[in-house]
Every structure is written in C-alpha cells, then in structure tokens.
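Next, two complexes with chain A in common: one pairs it with chain B, the other with chain C.
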Partner chain A sequence: MTTRSLLARAGQAVIVLVSVAVATFALGRILPGELATAVLGDTATPEQIAEFNRKTGADQPAVEQFRTWFTGVLHGDFGTSALTGQKVSDALADRAVPSLLLVVFAEVLALAVAVPLAVWAAYRRGKAPDKAANAGSFVLLATPQFAIAVLLIYIFAVQLGALPATGYTPPEQDPAQTFRTLLLPAVTLALGLAAVYYRVLRAGVLETLQQDYILAARAQGLTPRQVLFRHTLRPSLLPLVTLVGLNFGFLVGGAVIVEQLFAIPGLGTYALGAVQTKDFTVLQGTVLLIAAVYVLVNLAVDLLYGVLDPRIRHAR
Partner chain B sequence: MRTLPFPRLGRGPAAVAAVSAAALLSSACGGGSDAGAGAPGGDPRRGGTIQVGMPFDVQTLDPTAPNFASAMDYTAARAVMDPLFAVGGDGSLVPQLALGATASDGNKTFTVKLREGVKFSDGTPFDAAAVAAHYQDIKDKKTCLGCAPRLMSLVSAITPADPHTVVFTLSAPWAQFPEVGLTGIAGLIPSPTAKRSAGDAFGRNPVGTGAFKVTEIVPGDHVTLVRSETSWLADRTHPDKVVLKVMLDTQTAVQSVQAGTIDMMVASQPNQAKQAKSAGLQVQLNEGLSPDGIIMNMTRPGLDDIRVRQALSMAIDRNAINKVAYNGDTKPTTAFLAENDPEQQGIGVPDYNPDKAKQLLAEYGKPVKLELNTLQGSNYVAATQLIQQQWKAVGIESTIKTNTAVGIMQDVLQRNYDVSFSPAFVATTTVDGTEVAFASSGRRNLGGYANKANDELFAQLGAAGDAAAALPIARQILTNASTDIPSIPVVRKTGMFAAGPKVHLPAADAYGVDAFSLVDLWTTQ
Partner chain C sequence: MNPLGTTNPTTGKPASSADGHGSLLRLRGYSVHLHSPRGIVAAVDGVDVDLARGRTLAVVGESGSGKSVLCRSLLGLLPAAAVAHRGGTAHFDGIDLAVTGEAALRDIRGRRIGMVFQDPMTALNPVLPVWRQIALPLRRHLRLDRRAAKRAAVELLDSVGIPDPARRADQYPVQMSGGMRQRVMIAIALGCDPDLLIADEPTTALDVTVQAQILGLLDRLRAERDMAVILISHDLGVVADHSDDVMVMYAGRQAERGATRGVLAGPRMPYTRALLDAAPTLHGERGRRLAAIGGQPPDLTRLPDGCAFAARCPRVQDRCRTQAPPLAPVPGSAHDGACWNPVPVPGSADLPEGGAPIPQETQETSRA
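Here is the complex of A and B:
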C-alpha cells in the first residue's frame, strides 16, 4: 500500500468515526425518555431537573452539547455516567482490556485449530478425516455458546478443578491467573469461530488446489507439504482474513453472552447495560470505541491483503 | 404514649418501602431451608475472605439516590451503613443505631434515643445531628425512591434534643412511622461529613457506622468490603473481607460455588436450587418480600377500563406459571401481602377464569393490544411468555420487551409502558407500606391509580393508635385495591442462597426482612 493510499484510508477512517460519533449522539437524543427523569425519578422538582440539566450540560443546544462532548473525546474525556458517576473513559479503559484479551485469545485459538485442520481436510477431500472434520464443524456451529460454556465449566472447573469457573483477574495483578480465567471463555468463543473459519478456509483451499499453478508445482515434484503451505495456503487466506477482521471488531463489543456466563466485566455487558438504562454518555463512548476498533482492524486487514496477494498491492 | 421497639401490625416483617429488586433479595424472611447440609459446624470463626456471587450489577451505594435499585446496591450499602432499627425475622423492630423510640402527641411526635459511643468509619461521631442531617437530606432532595413518601410530606421537623436524642415532629399522625421511616433504606445513616465532602460521588465512596468499609467498587465486576475495626459491630463481625461479585448468570454461579471459585451465591429465582442441592451445596429458599406480578399503566387505552383489568387477571393461570416457569418453587397468589396475614386473609384480585375473562372483553368490545415489559432472566421471560399465551387465549394481544431492573424502573417511572411484569412489585409486607403504590399521590403509584376512599383510609390508618384499630382499615384498603386492580399479583417467589462447605449460613429466620447480613457469615478457610 502506498503512502498516498494509506493516507486516504486514514482519512476515510476519520470520516467513519466522526459519522459514528454524530449518529450515536443523535440516537441518544431521539430515543424516548429524558435523562433527568431517569436519574432523579419522576417526583423530581423542576428546580432539581434544571440543576441536573445545568450540571450535565443538557440545557445547552444539541450542537453545543455535541461540540463539548466531542472536544472532550479528542482529549480522552468521554464524559461521566449519569447513573453511576463513573468517568466513562476510566470504565472503557477497564472494560476494554478483558474484552480485547478475550477476543485476541479466542481468535488465536480458533485460527490455531482451523487453519491446519482446513488445509488437511481439503487435501484429504472426501476421505474420513475430511468427513469427520466437516461433521465436527457442523456440531460446533449448531451448539449454542451457553451450552458449550456450561459443559466446559462442568468438566474443567467442577470435575477437574483445573480452572476457575468464572471471574476475571486483571493482568497487572496476576498475568498467569488472567490466562487461567480467560481460558474457558476464550475456548467457548473459539470453538464457534473455528468451525466457521474451518469451513471458509477449506473452501478456499479446495478452490486454489484446482488452479493450474498448483498442477505445475506438483509437476515440478514439490512435496505435498510444500504445495499446500507454500503455494496454496497464502492465496486461500484472503476470505479468512476478511472474516477474522470483521469478527474481531464484532466480538470486542458483542461477546455479551460469554461475558455474562463467565462474569467478565467487558465492553459487551457495559454497552448492553447502557442501552437498557439509557445511559447515553456511556453508550456514546462505548460505540465510538468499538467503531474505532472496527476501523483499525479493518485497516490492518487491508494492509494484510497487500502482503498476502502482491496483485492487490500493485493494483493500488 | 408508647415505647418502641414493639411488634408490628399483623403478621410478618415490617414495611420496607424498598425499590423492587433491592427488596427482592434483601428480604429473606423465613422459608424452606436446607442450610446445614454441608455447613461447617462449631463456633463461628473470625477471619477469612468470603466471595459472594450477586445477580445484579452495582449502581450506587447511596441509598437516597434514585438509581439505588439492585440487591447488590442494598447488600453492600447495608454492610457499610447501619439502620436505626432492623426488622427481625418475626417482624419486630430490632434496635441498631437507635435503642428505642417513644411516640407522643397522638403519634405526631417520635423521640428516638440513639446508641452512644458509635463512630462512623471516617472517625466522626454518630449522633443526633447526623441523624437529623440524613433525614433533612431525604426531605430536601426528594430523590430517595426507596423511602416512604410520607417521610417527605409528613415529617415537618427533625430536632436533635441532645447529642443522643432526636425528635421527629410530624404534621399529621402516623402510627407506623418507626416501622416505615426508621428501618430499611431510609433508616441507613451515612456520615454527614463524608456525604458533604463527596457530594454526588458519595455513592462510590460511602461511609457509615457499619461492620464493613468499601475498599473497591468496580461496576460490572465486584465490590470489595473489609471489616471496619472501629465499627460498634467489629467484635461480632466474622469475615475479614467480603467480595460481592457480579454474576448475572445463575447457572454458572452455582457451578462456580461447586468449583470453589466463589463461596456462595444469591439468586432472585430458585430455578437452580435442585441442581445446587444435588451437588451437595447448602441451599436456602427464602420467601420474597412481596409477590411477582404485573403493574399496569391505567392511563393507557383499555387499561383504564376495570373490565379489561379484571380480564387480564382472570386470564392468568397462576398454577401453570408456577409449574412451568418456576419449577413449582413459588406460591401462586392473588394477594398483595402474605395470604395468612390477618390484613389480607380472604382478599385478592380475581383468580383464573378464562371464560369470564372472554365475557368481560366481549363487553368491553374493543381489541386490547399491550406491550408487556419483563425483567431479564429465564424465570421472568418464561413466566411472561406464558402470560402472553394465556392472554392470547382469551383474545388479548401482547408483545414482550425484556430489560434490566434499572431499565424497567426507568420505563415505569417515565410512564413509558403498558404493563410490566416485575419482581417484588409491591415491595412491602404491610398495608401501611402499600401507600406508596395504592394512594393517589403514592411515590410508587406508577400507573395513575386513584381512589379517594383509599386516600382517606391511609390517613385513618396513620392515625390508628393500635393494631386492633388499624386492622379493619387495612382490610378495607386491600379490598378496594383488589377490586380496582391497579396491579395483579401472580406468584410469591423465593430467592435462593447457595453456599459451599466452608461457609456458614445463618438460619433463614435469622436474616430478618431487611438484611442479608454479611456480619453473620463465617468461613473456615
């Protein structure tokens, strides 16, 4: 990717983020329910509501409110939750770490399983290993996350006592315990992801194996391992990389079920709580952060395209 | 003149005008108990850390804040702050920071004698000035949703007579003032110095006289409490530390107790009780403070017609809901208070009668379409889905909207709802406490219910000097409410405590109505 195209993508990212900021801010004003009533209760006096609105800036015109909030965001201040009194930037910092660690962990586990399995199954297409892997992926796709979670907790925490059933330990307290607390939730997420990744990559590998240059490589006497991992895998990875990028952005804020089952204080439950309590300041900050993760990850995915396929790099 | 503490009117615990979910769990009064099955024996031990899974997140530990709403908030705040009086398992008032109270002037003046030598954990003294400052704060702010509205309207003066005596002067008689005003959420006394200093942040930095101090609040994750060595309760407080962990999923919370990841868990629904018992855990099922049921926005078309409200109640098969949604662990009910309460006996909203419901709807003659709000959680959703089916069977269409406890509260407060299936929707166990819901100006009259006769009866109830005089008035109030149907009781639900073998749970009846007491827990680890 050239410097010029990189700058263009960065510019697009900024536009996306500002648009998201405007949209989430407007959404908070469109949804029914006044924040002052929600926080102070229905018997609050007009004076109390006026004082609340003055303190929160809700008495200002919407454009001025947005300007104040967005200026704060640019300086790292996402405002304060009207319900809990907690600074949103502090909460986001606390919540983003377990979410990011969980998703990275899950993605790594999923790819570690899916990539070699998909390549192997495609190479052994129609044989018993391929059929077994296909059946396994269907079972995982059809099994709800909560069932996987309960089963994993029962085996590894209740019966074997090898891992904590629930909870989260921040890495600054005990990195080893962080790993232990995130292992079961990461596996829960990863099993579903791995099944999808396996199917996508297997299809990509099968298609690539039909290409003439693979036939040429085989004719040159290359070993199956060389054919598969040097000439087949790389061009087959493009759809998978796209999917991984999209899933990463989604799961950072969307792993709500796993967060609730394993009592992990992540962004998903934080955002869900904000929606349900109409805590708009929290909602705006969380959505903006998740959007930023989406944009950054997809920018990285675009860069990776160029690495994986030189034709894309040169076309730009 | 009468002197307190004294037994309350009727049976059961005294009124605690608590906010819904807080009341739901903090109210563990009498009930089935398998405590002791795997409990440690011997004398209580001092020390150790107890981790407790709680089914709600923490919002604020300031009881006078309007968003003080969850069992997590109440349990933590109750550990940090003490009430003037607690409520014993038999419903009697138990002296805490107050030693006693004397009523005079026809129940218009209450002189409360305070415990001496008590200090807040910030080192400032607990005295009459602190009590006066707290109640004045409640009156001035008017944001305490868990406080009885009469505290704001009837208490005209709070005067420290001496450092350990405070006098409450009321503008009208209110015989039940000590039970309603000096217990529960309103009765939790914060340090006025800390409250002034922290301002709006007091909910994150609470200071009281309680057995514990807060060392850490991490919303979404946990609240850490450590024993306060300067507390007047320090000698009888066993654990060094208690960690209240947010665990929204009951199933994995039980598994966490089994695995030893946490020591005990609290649930607002008993559906994991059988699993916990079969796993050898100690289990207590505790009858809730008030029934789960449906509150109605009577300003909405259809709901303003008594025939529709009767039909809604008659369409509900409470036995089926108990069996299917609650595994048979609840008591189907049509009563606002406990069925065997003398005030309630024989009184209730119309029970299951689908044919009559169809007839009433035919008389009404218009289609009825409602949005049915419900709390997240398998029991609530399952119960609501059944109600939706049962209503559909008689011709009432409804859609379901699920939400958190706080979200439901906000919708209801803003009248942004049709009907809402809520836990502990009356949130009281006495008729006096129902004033918040059944009086025209009641703070938790959230559906626009108005009956002048009841308003007058509540005034008479306040002036009644003794239980005998109050009983017929109380029964008439409940009769009126059961006829008007501003809300529909469905099941009286049980909360659940489950603990591993290292934690000693006190007997169920030792909890009293307003305390899931962390003081009484102890552990062998």
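Here is the complex of A and C:
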C-alpha cells in the first residue's frame, strides 16, 4: 500500500472515530430517564437533583458538555462515572485486557482448527472427511453459544474438574491461571467462529483450485502439500481475513453472553451495565474504545490485504 | 516425382513414422475417453506419436480436437474422476506411463517433462514472487536449498532472456508484461532440465512480435539442451517455421501427419487443406483461430461410424460415411493421412480419384 493511501485511511479513521463520539454522546441524551434520578433515587428533591446536575456538568448546554468530554478524551481522560466515582479510563484499561485476551485467544484457536481443516476438506472434496467436516460445521453453527458454554462447563469443570467453571485471574497475578480461566470461554467463542471460517475458507480454496496456476503447479510435479500450502492457501485467504477482522472488532465489545456465563469482567459486560444504569460517561467511553478497536483492526486488515495480494499493492 | 523433397533421403520416410526405436516419446493407439455431462467423449482416439530428442512435433487442430487432453493425460493431470477409459500404450523413455502411479508420475512431471501453458496471465501464481515459483520445483526435484534455488532461479531468468534478472526475480507476475511472463513460465518448465517440453499454445495469448521472440527462444533452448518439444498450435505459420514434424488432429483422431514441410506443402487430407485455406497466408497474420472451415466440429459423444470429417468434407464419398479411414501412407506423398479420397498432389493429375490408401510397399515402389 502506498503512503498516500495509508494517509487517506488514517484520515478516514479519524473521521469515523469523531462521528462515533458525537453519535454516542447524542445517544446518551436521547435515552429516556435521567442520571440524577438513577443515582439519587426516585425520592430525590428537585434541589438535590439540581445540585447533582451542577456537580456533574449536566446543567450545561449539550454542546458545552460534549466539548468538555471530548477535550478530556483527547488527553486520555474519559471522565468519571457519576455512579461509582471510578475514573472511566481506569475501568476501561482494566476491562479491555480480559476482553482482548479472550478474543485473541478465541481467534487463534478458531483459525488453528479451521484453516487446515478447510484446506484438507477442499482438497478431498466430496470425500468422507469433507462430508464429516461440513456436517460438523453445520451442527456448530446451529448450536446456540450458551448451550456450548454449558456443555463445556459441565464436562471440563464439573465432571473432570480440570478447569475453573467461571472467574478470571489477571495475567499480572498468575499468567498460567489466566490461561486456564480463559480456556473454556475462548473455546466456546472459537467453535462458532471456526465453523464460519471453515466454510468461507473451504469455498475460497475450492475456487483457487480451479485456477490455471494450480494446474501449472501440478504439472511441475509439486506434491499436494506444496500445491495446497504454497500455491493455494494465500490467494484463498482474502475473504477470511476480512471476516476475522470483523469478528475481532465485534467480539471485543460483543462477547456479552460468554463474559456473563464465565464471569469475565470484560468490556461487553461493562457496557451492558452502563446501559442498564444510564451511566452515560461510561457508555460513551466504552463505545468509543470499541470503535477504535474496530478502526484499528480494519486498518490492519487492509494492510494484510496488500501483503497477501501483490496485485493490490502494485495497482495504481 | 516427389514435389515435397522433405523426406529422409535414406529411408524415404518422414522422421515421425520411424518404428519408434530411439524415440523418447512413443504412443501407439493412445486413446483418452472422458466423462462429460452429455456422455462419454472420445477426446483422444488412437493416436500414434514417435518423438526423438532434439526434435519438435507440432500438434494442430481445431478447438476441441483433443490437443490439450492428449498432453494432460500423458502427465496424469486430468481429474481422475473425469477419465472414463484410456487405451493404447504410452512410453516415455521406456517408462510405461499407463502403469506409472501418481507418486512416480510426480517425479517425472516438472523433472523430466516440462510444460508451458497458453496464458501466462493465468498460469503464474499472482501472489508469489516469480523466483519462488521457479524455485519450488527445483527444491522439490533437485533438493536445492533455499539460497541455491534462488540463485538458480536468477540464472534461469537470465537464460530465458529476461534483462536484469536479479531484480526481476523478486517481482510479481502483475509487474511483468505478457511476453516476460511467458519467459518466466519457460524458465519454470526448464528448471530441472527436462527431456521433453510440452508447450500448449505458448504464444496464442501474445502479440505477434513477442510470439516470434518466444518461439525463437524455444528453438534455441531445444537445440542447446537436445530436448524434444511438443508444440501445440492453432497457427500453421508457427508450425511451418518451428517444427520438424506435424500431427493434424480432428475430433481426437490423427487426420494427417508427417514431416512438417511435406504436410504443409502438399496436404492430402481435405481437413488439413481446409486448415491451410483458413489461414490467411502462411507467414501473414498470426495467432488467428482456425475458424473459417464450414460446418461445426462433430459431437464427440456421438462420433459417426465413418470419417469424423465426412459431414464437412468437400470430397466426401459414400464410403466415408460408413467406414472410418485408417491412417496410412498416402499415395504420392511422403506422409500419412486418414482419408479415402485424398486431395490430389499438386501437379500430378494422374492420381486415382477416390482410390483406397495404397499399402506401404506399393507406395515405396511407386516412388522408387
């Protein structure tokens, strides 16, 4: 990718993030109910409410509130939760770690299973292993996430006692335990992802195998392994890369079911709580952070496209 | 008198119909029948080839006449499920290709038989730098390590006439012109110094000046390396200039074959004649498809009992519709044809019209 198109992408990213900031801020004002009553309770007097609004800046005009908040954000200060008194940036930093670890872990597991399986199944198209893998992916796609989670907890935590059923240990305390606590939730997410990745990559590999250069590679006496992994895999990866990126962005803030079932203090749970308590400062910060992750991942996907496909890199 | 003057003076036979001793590739009655949605297709039917080192055999014929299937079948590149039946024999340097398993065939492909494809735009992998595509077969067959393979790749690029090969080696196909890509394909095919090079319409996708360069390159490499070459082409101009022998295919069968100059100077099979007439001039516009023959190529799933060309043939006789003519020496020529009613040799009006192919001895006597 050229420097120019990189700059253009960075400019787009900034525009996206500012738009998200404005939109979430506006959303906070549209949602019914007031923070003051949520915090102080229904019995609060009008004086108490006015005092609360003055302290939190809620009596200022919306534009002024936005300016104050956004200036803070630019300096790394996401404000303070009126509900808990906790600094939002601290909370986000705490919450982002388990979320990111969980998603990276799940993506790695999913790809480790889906990529070899998809290549093999496509190569043996229509044969028993292909049929078995296709059927397996359908079953996984049709099974709700919570059912997978409950099943895994039952087998590995309850019956075998091999892994903790719920909870999370931060890596700075005990990295091995972090791994153990994240394993079951990551597998839960990975199974669903792997089913989709398998199907997308298998279709891509099947298409690539039709290409002339694959026939040429076979005419060179290359082994099936060389044909598949040197010649076929890379040109088949583009749709998968897009999908992995999208899922990554989505799961950082959207793995709520898994976070809840396994009691992992991640971003999804944090955002959900903020919606329920109308804690706008928290909500705005969380949404902005998730949007930033999306934007960064997308940028990475674009860069990876150029690495995977020189036609994109060398196109004018 | 023989107007052709291209036969071997000592044997009086075209080089291609030697009895197969000393030939690198020897096919006898080679047939490939394929499954298709409409039934079984006789894509290749009873083909004989004798090809010696250092010589070029051109294979010509309309689209769908089985040229590519012939080559792919020899290398075991057809999808196994598509092959309904293989017949006849195929020997490469004494190896019976019919009984050679896939693993052993893989050692022959790329190592002893190289292949160049028609379209260098699609036959090179767009996501690998060209040196890696040259290096992969070198690493597999010659067990070169990565560094040696890269060095060899650069040398090969140099030997196929690519300027600044060290820089070009790191480029991707998208950064190269069509002619340069075809040179890369040739470099890949030649990497392991094969005994036989199969070029399936290597210049059809290229423009005229580049075609000439590529064909010249193939000629030079064949001579340098004493390779045998099978040159598939639609273009009789290419065939005339760049082959020793020619096999004309029609509907999977050999229609006529012999020394190239003899066949092109005095075609006896009406189909070959039509091909020549369809080509504007032998040395004129190149790369044109042989389109101008009236009628449609036959349905290969339902070939007639008689000659496959009968329905389109200007010299058709009753016998042509009921009995397929065998490939046999044509009276008055030095080459073989499959025709009951061959085109008369130019300038010799005394040929029996509609006469059956005369047995070989008769022909020898008549020419002595």
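Rule of thumb we're sticking to: the second predicted complex is superposed on the first by the 315 of 316 C-alpha atoms of A that agree within 3 Å, B and C clash if a C-alpha of one lies under 4 Å from a C-alpha of the other, contacts with A are read in each partner's own complex, and residues count from 1 in each chain.
Operating definition for what follows: contacts are C-beta pairs under 8 Å (C-beta built on N, C-alpha and C of every residue); 3 or more make two chains touch, one makes a residue touch a chain.
Since the model is a prediction, treat every value here as computed from it, not as a measurement.
Asks: Could you tell me whether chain B and chain C fit or clash when both sit on chain A in the superposition?
Replies: They fit side by side.
Asks: Touching A:Phe262 in the superposition: chain B (first), chain C (second), both, neither?
Replies: A:Phe262 sits against chain B, while chain C stays out of touch.
Asks: Quick check for you: in the superposed arrangement, does A:Gly85 touch first (chain B), second (chain C), both or neither?
Replies: The first partner, chain B, only.
Asks: Quick check on the superposed pair: does A:Ala217 touch chain B, chain C, both, or neither? Answer first, second, both or neither.
Replies: Touch status of A:Ala217: second partner only.
Asks: Which of the two partners, first being chain B and second being chain C, lies in contact with A:Asp309: first, second, both, or neither?
Replies: A:Asp309: touches chain C, not chain B.
Asks: Is A:Gln276 in contact with chain B, with chain C, with both, or with neither (first, second, both, neither)?
Replies: First partner only.
Asks: Between chain B (first) and chain C (second), which, if any, makes contact with A:Ala149: first, second, both or neither?
Replies: Touch status of A:Ala149: first partner only.
Asks: With both complexes superposed on chain A, which partner does A:Pro235 reach: first (chain B), second (chain C), both or neither?
Replies: It touches chain C, and chain B stays clear.
Asks: In this superposition, which partner touches a larger number of chain A residues, chain B or chain C?
Replies: B
Asks: Just chain B (first), just chain C (second), both, or neither: which does A:Pro164 touch?
Replies: The answer is first: A:Pro164 touches chain B but not chain C.
Asks: Just the number, please: smallest Cα separation between chain B and chain C in the overlaid arrangement, in Å.
Replies: Here the least C-alpha separation of chain B and chain C stands at 47 Å.
Asks: Which residues of chain A are in contact with chain B in one complex and with chain C in the other?
Replies: Shared contact residues on chain A: none.
Asks: Would you pull the chain A residues touching chain C in the complex into a rising list?
Replies: 211-213, 215-223, 226, 230-231, 234-235, 308-311, 314-315
Asks: For chain C, which residues count as touching chain A in their complex?
Replies: It is residues 75, 77, 106-111, 115, 117, 119, 122-129, 132, 136-137, 140-141, 172, 174-175, 185, 188-189 of chain C that touch chain A.
Asks: In the complex formed with chain A, which residues of chain B make contact?
Replies: Residues in contact with chain A: 53, 57-60, 66-67, 141-143, 145, 149, 200-201, 203-204, 218-221, 245-249, 251-253, 255-256, 258-262, 403-404, 406-407, 410-411, 413-416, 443, 446.
Asks: Which chain A residues qualify as touching chain B in the complex?
Replies: Chain A residues touching chain B: 32-34, 37-45, 48, 83-86, 91, 94-95, 146, 149-150, 153-154, 157-158, 161, 164-168, 260-263, 265-266, 269-270, 273, 276-278.
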